[in-house]
Amino acid sequence: MIRDALLLQLGYNATLVTLGAALLGMAAGVGGTFLFLRKRALVSDAISHATLPGVALAFIVMVALGGDGRNLVGLLTGAAVSAALGLLIVTWLSSKTRLAEDAAIGAVLSVFFGFGIVLLTVIQTMTAGRQAGLEGFLLGSTAGMLRSDALVIAVSAALTLALVLLMRRPLTLASFDPEFARSTGQNVTRTDLIMMALVLAVTVVGLKIVGLILIVALLIIPPVTARFWTERTDHVVLIAGLLGGVSAYVGAAISAAMPNVPTGPIIVLVGFALFACSLLLSPARGVVSAYLRHRAYQRQVHLRQGLLALAHGQPIYERLTLRLLRRQGWALPDGVATPEGQGRAARAMRDETRWQVIRRDPAYEAAAARYDGLTPIESVLTADQIAEVDSRIEVAT
Amino acid sequence: MTLTLATKDGLAAQDAARDKSPLAIRGMTVSYGQKPAVFSVDMTVEPAKMTAIIGPNGAGKSTLLKAALGIVKPLAGSTTVFGKPVARVRDRIAYVPQRASVDWDFPTRVIDVVLMGLYPQLGLLGRVRKSHRDAAQHCLERVGMEGFATRQIGQLSGGQQQRVFLARALAQDADLYLLDEPFAGVDAATEKAIIKVLKGLRDAGKTVVAVHHDLSTVPEYFDNVFLINTRRVAEGPVATTFTDMHLQDAYAGRLAGAQMDAIRAT
Amino acid sequence: MNGSEFVPLSLVPMLTGIFVAVACALPGNFLVLRRQALIGDAISHVVLPGIVVAFLLTGVVSTWPMLLGAAGAAIIAVVAIEAVRRLGRIEAGAAMGVIFTAMFAGGVLLLEQSDTSSVHLDVEHALYGNLESLIWLDATGWSSLWDPVALAGVPVELPRMALTFVGVALFTVLFWRPLKISTFDEGFARTIGMRTDLLGLALVIVAAIAAVAAFDAVGSIIVIAMFICPPAAARLMTNRLEWQVAWSVLFAVIAAVLGYVLAGYGPLWLGLVDSVSAAGMIATVSGVILGLAALFGPHRLRGSAAPIG
């Protein structure tokens, strides 16, 4: 069943929704990257929660005008308007009052959502027991979706993705280095506005698929995951788009195959699984490799410090240092150097002395900048340079 | 660069000096990521003196202080204060952080910040008595801020903020004062006021250690210097240690000629 | 007010609302000042997976397992956020966003996969609670307040919330000085021997306890609103922490009372038949209070902060 879904064999609607979700996931991954790089990831949480009163009001207005209130385009328009208002208030509170942005975000998301709940209870009264179906906007539901709705979602997801790709370059520049972007004459305020409009579009389009509580995950998790795999902004954008697309595609397919699995949560969990793997296993920034690197580094530092102490004839005070020296066979349990340890210590001392010489000489500034207490000087200087340095040491002593 | 092997007697003398020292750091290495900010640094501060920690930007001056106090976790090394581990003598230490390290928009008044220095006396629930308020007010007077007690801290100038921090340290009535860049971005009047207070502390037998970046004022303000550039470069009295050679060691070529001239002129 | 109607129907929800609001607003003051306002957001989202797991483990819907499950989830979330932030070197907001959405999604999925049709456990309930249902059936009027038989029938949410409020208030009073000092200047706090890491964790745990105790009665939305809106509004009214906390308590009480009354009677005044969600209305009122403070509060603008450097 899941295989069928992944291969898009579950009928026209399910296929449309799955493809729409994948497009939306890509747009969210790319758009979310800019938000993440500007350190404003949770602004999207305020935006998404702020859609609820808009959806509810749109429903009420459409019913009041004689419609049945469930027109998707109408509901999404309402969502966009109130989300924009919420965003405006976040910006106003954090720029015009002394409140910090996190407080502004929290206030807007809870108050808008609370007001939305009030309106939902009003709707319950209006429809008198008839399901308005708005609960689907909380967690997303794609089961039993109308064909027209599926089309609306697929098309608007495609449009959002196109918009994101179109704006990729100025957004990358502005989020990587706003100062530089400004100096090249780019209007960063406007770029920020475009970024927010993109986030808004992703949120609104994603309401029906992922739901307003979890749509932030689609904007946040892929960029955070991508960050583990590269240091380059343009690559983060690319990888985040890919990860977002894959999570949404797989999640939507699973949900299509198993109707009692809600779409939003499963998409989020697929994305989170990718994140967890990256957090643990990424070679450059992963937890496992970072831990191993840190341990190795700490060992090196202690050994080096121990050797220098031996060279100075100082006792070894730290137990870890002594233990490491003993394990290498460089010192005896009472802290006295073995013959090999003496040789090592003398070499470490000589290295350190050479470093001292080049660190005080402006001519070697570039090489000296690589001093970290551990790098052997042979790796930064040529043999001739070392000979030159040594000649100065002899003069000094 | 003289590499004499320490004799047994020499070692014993070193240990004795460390035990008496208000602040003795041994084998301190602190690293942010894989690049050490401070590498295998020893420091033995002389009692009842004013010591400046100097070195180029990013040389690990502030990091050394923070690691000594346990604010950042060192990779290796240990600190003793008056011969004891820091945790056992906290009441004898007063620390003045960099001014920019706190949020000055915090809703509180000048006098409340100074009263924070009395927390070790007051404890969780001890009542703030008139004697405490008077003590705090007196500390404000010593830094020339007596008129600002009820002022909201966000309304102070940079120099005034620094003086409030110093007043809080005075309220702690410590024996060792550690200051992180106390003169950074303050006006001339504040600088004078602060140095007067610090010299007063020293004359009363207290020990003062300050991270400092203005080389031209070192001889005028301080008794001792500690030069650092990731590693310890030199430490000792200004007259013998604050020399061209050591400055060259610490700053390499990064000291502008004009600056060197200014130092020589003093 | 007519006691025979007010006491059984409105007294308990109103008091519960007040205790919830104040219990959340107290730690909220410090969270807002520490730029951790959104911890409340994260905690309230992970309450759902906590209660679902507790239900799956015990098979019953009963108070204590669920409270423990929710508290456990809150602590796991806080630890996980901290771990992601430090180990992955990810900015705090993004780390929060990853963890709480994933946990919430897990909770929803578990809920949908398990047979909870027989019990009262659903997502909407966890989101906006049901304050109005806290009816005191045994009460006949004000005199019931002195009637031990009637008192035995008070909905359990009220004494539970009152106890939580007392605990939170005690924590705030007892640790007032360390909280204040470490929130203002963490480095200094450490040099005088404070365990700032433990204190920060304790603050978050206290906030989590308040959120967990509150969610059953009022849902998670009002919890977030009460963590943030009253303290944020209070910050705009004064420049002293002591007064800020006092203002926040006042605002929390006003929001709870006014929100409950408006939800119950507002629609009637507008000619509608049924009442609306009290939790939603309390959040809405707190937002209006914040809006007014942001427009007219005497200390709404940043002080003439001295230029740095």
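Points to keep in mind about this one:
As written, the chain order gives the labels A, B and C, with residue 1 at the start of each chain.
Convention: contacts are C-beta pairs under 8 Å (C-beta built on N, C-alpha and C of every residue); 3 or more make two chains touch, one makes a residue touch a chain.
Remember, predicted model here, so these are calculated numbers, not experimental data.
Ranked by number of C-beta pairs in contact, the top chain pair is A-C.
Among the remaining chains, the Cα-based centre furthest from that of chain C is the centre of B. When every chain is represented by the mean of its C-alpha atoms, the one lying closest to the mean of all protein C-alpha atoms is A.
Separating the CA-averaged centres of chain A and chain C is a span of 28 Å. Chain C has its Cα centroid 43 Å from the Cα centroid of chain B.
Look at where the CA atoms of chain A average out and do the same for chain B: the two points lie 39 Å apart. Multi-chain contact residues, meaning those touching two or more other chains, occur in chain A at positions 98. For chain B, the set of residues touching two or more other chains reads 105.
Those residues of chain C in touch with two or more other chains are numbered 235, 302-303.
For chain C in complex with chain A, the residues that touch the partner chain are 32, 35-38, 40-41, 45, 84, 87-91, 93-98, 101-102, 104-106, 108-109, 112-113, 123-124, 127-128, 221-222, 224-225, 227-229, 231-232, 235-236, 263, 267, 272-277, 279-284, 286-287, 290, 294, 297, 299-303.
The touching residues of chain A, when paired with chain B in their complex, are 98, 293, 297-298, 301-302, 304-305, 308-309, 312-315, 317-318, 320-321, 349, 353, 356-357, 359-363, 365, 368, 371-373, 393, 396-397.
Residue ranges of chain C in contact with chain B, taken from their complex: 33, 174-175, 177-178, 180-181, 183-185, 187-188, 190-193, 235, 238-241, 243-244, 302-309.
Within the complex, the chain B residues that touch chain A are 1-3, 5-6, 11, 26-27, 29, 31, 34-36, 39-40, 75-78, 105, 229-231, 248-249, 252-254. Listing the residues of chain A that touch chain C in their complex gives 36, 39-42, 44-45, 92-93, 96-100, 102-107, 109-118, 120-122, 124-125, 135, 138-139, 213-214, 216-217, 219-221, 223-224, 227-228, 260-262, 264-266, 268-269, 271-272, 275, 279, 285, 287, 290.
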